[in-house]
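In what follows, chain A forms one complex with chain B and a second complex with chain C.
== the complex of A and B ==
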C-alpha cells in the first residue's frame, strides 16, 4: 500500500492540536512509519510546502494574511483537508469577542503599536476553503485523531457521534451538575466524543467541542436563566469557543 | 553589496518565528528574530470576564505550558481575593506542575532537539536512526502526561484546577499507577541526562547569561513569592514592574523585556544557577556536570532541562508518597466572596519565569490582565546571542549558518504562542 503523504500545520492557535498528535506516545513510531510526513514545522526541519499532499491537517483559526496564505497553499497542494480542533472548526477561543471591534482589542494589548498589526477576526477554515473532514475539541481527543489517521490508511474518514455530551455523561452515571447541582454545565448543547471528561471529575462542561447538531439552545438558556444565572454570564460562557450561537434555536 | 539570509518559518520550535541575518558583503550587520505568531489578544479577551472563567480561558494561551499558566492564574486570583487553599489542593497543584515540566522538557529535548544530535530532520529520522532513544522519550513523556491526565482530568488544558480548590481528588489506585509509571522512568531520565551530556557545543563561548528566576521557598523548586537574580538581589514578585522594562519589538508581534536595561535569561539553566533545591539523583547529576552547567552559555540549557527531568520525576514521587499517606477525601472548594483588588504572582514554567497579574472589580470581574512569559523575557538575550554567533561564523555557508542559528534558538526552547501577549496596565 502506498504511504499517505501528510502535512500538519498550525495557524492562529496554541499548538495543542499538534501536541495531541505528539501525545500519542504509543502510536507515534508507527505513525512515523506508515505515513510520509512532508510538512510539519513543529517537528520537522522542512520549510517549504511543495506537495502533492494527500491529506493536510490544519490546526487553528485564520486571523492574519499569513494564516490565509498557508491555508491556501495547503488547500491547493492537497487532495483532502482536515480541520483539526475547535479553532479550525468553530473559530475557538480567540474568536470569543468577534462581535467587538478588532481594533479596540488590539489597542487594549498593544496600545499605539497596534496599528502595525495585520490581523482580522479569527474565522474557522471553512469560511475560506472547502474542508473535507473535521475533528473537534480543545484539545481534540487522541482517540478521534488516531481513528482519523487509521481511516486515512484505508482511504476514508471515520464517523464520529452526533449526540450531546449528556449522552456520554449519563452512561457514565455521573451526577448531573446542571440539574442536581445547579451549575452552569453546557453538556446538552455540546458535541460528544470526550466521554464527558469534565463532568466526570466534577467540573461543568465548558463547551470546548462546539455545538452538537440540533442543539436546543433556547431551552438550555431558559433553564440557566431559571436557575438564576444572568444572561450576560450565560452568553460569556457559551461564546468561549464559538461566537455565533443562535439563542432562539430550538433544534 | 548587502544581502539577507531569511530563515522562515523556524522549525522544531513551538509557534511561528523567523530570523533575518543582514549582511554587508560578508560582514554580519544585524540579526533580527521575529515572533510573528498570530495575535489572539488574550489580555483583552479576559477583560470583563468573571474571575472563575479566567483560568479556563488563559490556559489556552499555549498547549505546552497550559498547566503552569492555569496554576499561575489561580495563584494570582486567590491572592487578589485573599483566599487560602487547603494542603490537599496545594499538593495536587504541585504534582501537576511537575507533570507539565516533565512532558514539556521531554517534548523539547527529544522531539525538537534530539534530531540535531543525530543529524536527522524529525521523527521519521529518529525512528530510523535512534529507535531506542525515541522509545525512551515516549515513555518519559507519557509519564508526565499521565500526571496531567490523572490529576488534571485531561492531558492538555487540565480541567480540575479551579479557584479555591479542585474537582475530584485522585483515587488511591490512580496514585499507585502514577507511582509505578514514574518509578519506571526515573532511571530513564538519568539515561536522558547522559545522552545530552556530550552534546554541548565547543568553540567560541557566547555571552554569560544574566539569570533571573523565582526564589524557591520550601522544597518546591518552582514556587515562591520573590524573584532572584545572579547578583543575589531579590524583589517581591508582585513588584515585578519595577524590575522589568518593556519595549515593543520593531519586527514581530511580541514585546521585548530588559531587566535593569540588560537582557535577562530565564529557564532551567537559570534555575540551576540560582540555587534551586534539588532531589538526590538530580543533585548528583548537577554535581557531576557542575562545570558544564555553571560556566556556560545558553547552549547548556538542554542539559539543564535533562537534570530537571530527573528532579521533577523524583519530586513527583515524593508528593505521591505524601498523598498516599494522607488519603484525602473530596472537599468543597474554598468559598470565594469576590472583592476588588489586584493579584500578581510568579511561577517557574518549564521555559522559565512566568508572571500573571490581574485586577478585579467588586463583582470579581477582570478589569485588567498582564501576562509576562519566559520567552518574552528571553527574547532580548536570544537576539544578542544570535548576533554574536552569526558574527563568529562570518564566511560560513548559508546552510551551516541556518543550522547553527536554529540550534541556538532551540536551546532557549522558545514558546512563541505564549510570547505575544504582554500588557502593561
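== the complex of A and C ==
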C-alpha cells in the first residue's frame, strides 16, 4: 500500500485540534508508520511545504495574510484538503464577535498597538478555498479523527451521521435538560458525534460542534423564547461557536 | 384457588429466586431522575409502580449502536460469537410487551436476524399490570396484555397475581410456589380508550389524512431531534455504516438507530432523497407507524405507550390527526 503523504497545519486557533491528534498516544506509532508526514509545524522541526501532498489537514480560521498564504500553499500542493475542527469549518470562537467593528475590538485588546495589526474577521476555510472534507468539534473527537485517517489509507473519507446531539443524548438515556429542566440546551441544532458529552453530565449543549444539517433554528429559538430566555441571551449563546446562524431557517 | 399470589412483603424473595434464572433487569429511577431499564441490585431498586421508561426495552434486542460484523483479510466478514447472557426483564408494562411482540414479527418474521434471535432467546419477559396516565392511549391494544410474556404480574390489593404463559414462565412459577399464597385467577383487564379505537379504525380504513393541514404545522415546528422514534418501542429503522481501522485492512460494520425525520433516512447514493421535505417525512412516519408496509402491511405498530408525546421538545403529537378526524364527525 502506498503511504499517503499528509500535512497538518494550524491557522488562527488554539492548536487544540492538532493536540487531539498528538493525544492519540496509543495510535501515534501506527500513524507514523502508515503515513508520510510532510508538514506539521507543531510536531516536526522541518517547516517547509514542499508538496505534492495527498491530504492537508488544517485547523483554525483564516484571519491574517500569513494564514491565507499557508492555506493557499497547502491547497495548491494538496490533492485533498480537510478542515479540522469548528474554527476551520464554521469560524469558531475567534469569529464570535465578527458582527462588531474589527477596529474597536483590536483597540480594546491591543490599545494603540492595534494600528499595526494586519488582521481581518476570522473566516472558515471554505470562504477562500474548496474543502473536501471536515471534522467538526472544539476540539474534534479522537474517534472521528482516527476514523478519517483510517479512511485516508483506503483513499476515501468516512461517512459520519448527520443528526443532532439530542439523538445520542436520548440513546444514552440522559435527562432532557431542555424539557425537564427548562435549560438553554442547543442539542437540537448541533451536529452529533460527541455522544452528548455535556448533557450527560448535566450541562446544556453549548454548540461547540456547529450546526447540524437542516437545523430548525426558528423552532428552537421560539422554544427558548417561550421558556423565558431573552433573545440577546439566546443569540449570545448561539454565536459562541458559529456567528452566522439564520434565525429564520426551518430546514 | 391456586398458589399464585405474590404478597408485597415477599418481593425480595421473589427477586432472589428470579435471579437464579439469569441477570435481573428492570425499571429504576437513575441518579439523574430518568426512568430506565437497568441491571437491578447495588442501589438500583426495581420500581413496581412507574409511568414509562424514557427508552423502551427494545434496547435489549436492538442496541442503539451495535457492531454487527467485523472484517479481517484472513477471516473475511464475520460475527464475533459472543455468548448472550440470560437476562430476566421484570416489570414490563403491556405496551412494552406489545412492542417486543411487534419487533419479533419484524426480526423473526420472513427473514430472521441472527443477532436479534440470539438476544431474544436469552431474554425472559415478566410483565406487570399498570394504570394509564395522561399520556397513555393503549386501550384495547392491551387486551392481550400477557401476549408474548413468560410470566405476568397482575397487581391486586393483596399483591400480584402471577400467570405463566410459556414453559419458561411455568418453570419460574414452579420455583416460586413456596413463597406464594393462594389467590384467585383474575380475568384479563379490558380497557376502553376512544383514541385507541380511533387509531384502529383509521388503520383498518388505511386512512392517510393526506389533506390535513397538520402536516405542514408539524414540519414547521419539528426539530428533527429524533426523540420520537428513539423512544418508540416499535421504531426499528436502522442505518448501517462501516469504519476502517488504522491497520488499513480490518473494519467494523455498525448498525445504529435511525429516524425517519432525519435527512439521511431517505437519502441514497448521489444525494438523491426520496423524502426531501420534513413534511413528507412526517407522512412517511405516519404511514409506517399506523398503516405498516412490506410484510407488516395492515399492522398498526403504535402500542399507545405515550412516549413520543412525552419526549417531544416542541409538543408534536400525531394523535391530533385522529382527533381532527373525530371532530369532523361531530355535528
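Just so we're on the same page, the second predicted complex is superposed on the first by the 251 of 251 C-alpha atoms of A that agree within 3 Å, B and C clash if a C-alpha of one lies under 4 Å from a C-alpha of the other, contacts with A are read in each partner's own complex, and residues count from 1 in each chain.
Heads up, the rule we're going with is that a residue touches a chain if its C-beta (ideal position, glycine included) is under 8 Å from a C-beta of that chain, and two chains touch if they have at least 3 such contacts.
This structure is a prediction, so every number in the text was calculated from the model and none was measured.
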### Task
Based on the superposed arrangement around chain A, label chain B with chain C as either clash or fit.
fit
### Message
For A:202 in the superposed arrangement: first (chain B), second (chain C), both or neither?
### Response
both
### Summary
Note, angle between chain B and chain C viewed from the Cα centre of chain A, nearest 10 degrees, works out at 110
### Task
Answer with first, second, both or neither: which of chain B and chain C does A:174 touch in the superposed model?
second
### Task
Examine A:11 and indicate which partner it touches, taking first as chain B and second as chain C; both and neither are also allowed.
first
### Task
Examine A:146 and indicate which partner it touches, taking first as chain B and second as chain C; both and neither are also allowed.
second
### Query
What is the contact status of A:133 with respect to chain B (first) and chain C (second): first, second, both, or neither?
neither
### Query
Now for A:32: first (chain B), second (chain C), both, or neither, which partner does it touch?
first
### Message
Applying the document's definition of touch, where does A:242 land relative to chain B and chain C: first, second, both, or neither?
### Response
neither
### Message
Which chain, chain B or chain C, ends up touching more residues of chain A in the combined arrangement?
### Response
B
### Minimum C-alpha separation between chain B and chain C after superposing on chain A, in Å
9
### Summary
The shared contact residues of chain A with chain B and chain C are 202
### Task
Could you pull out which chain C residues touch chain A in their complex?
30, 32-34, 36, 54-55, 64-65, 219-227, 230-231, 239, 241, 243-248, 256-257, 259, 262-264, 277-278, 311, 313-314
### Task
Give every residue of chain B touching chain A within the complex, in rising order.
7-16, 36, 38-45, 47-50, 53, 56-57, 60-64, 66, 103, 107, 111-112, 115, 121-124, 126-127, 131, 134-135, 138-139, 141-142, 145, 153-157, 159-160, 162, 167-168, 248, 253, 330, 406, 417, 421-423
### Message
Please output the residues of chain A touching chain B within their complex, sorted ascending.
### Response
10-17, 19-20, 22-23, 25-26, 28-29, 32-33, 36-37, 40-47, 60, 63-64, 66-67, 93-94, 96-97, 104-106, 108-110, 113, 117, 119, 122, 138-139, 142, 197-198, 200-203, 206, 208, 233, 236-237, 240
### Task
Going by the contact rule at the top, pick out the chain A residues touching chain C in the complex.
1, 27, 30-31, 34, 146-147, 149-151, 153-154, 158-159, 161-164, 166-167, 170-171, 173-176, 178-180, 187-189, 202, 212-214, 216, 219-220, 223, 250-251
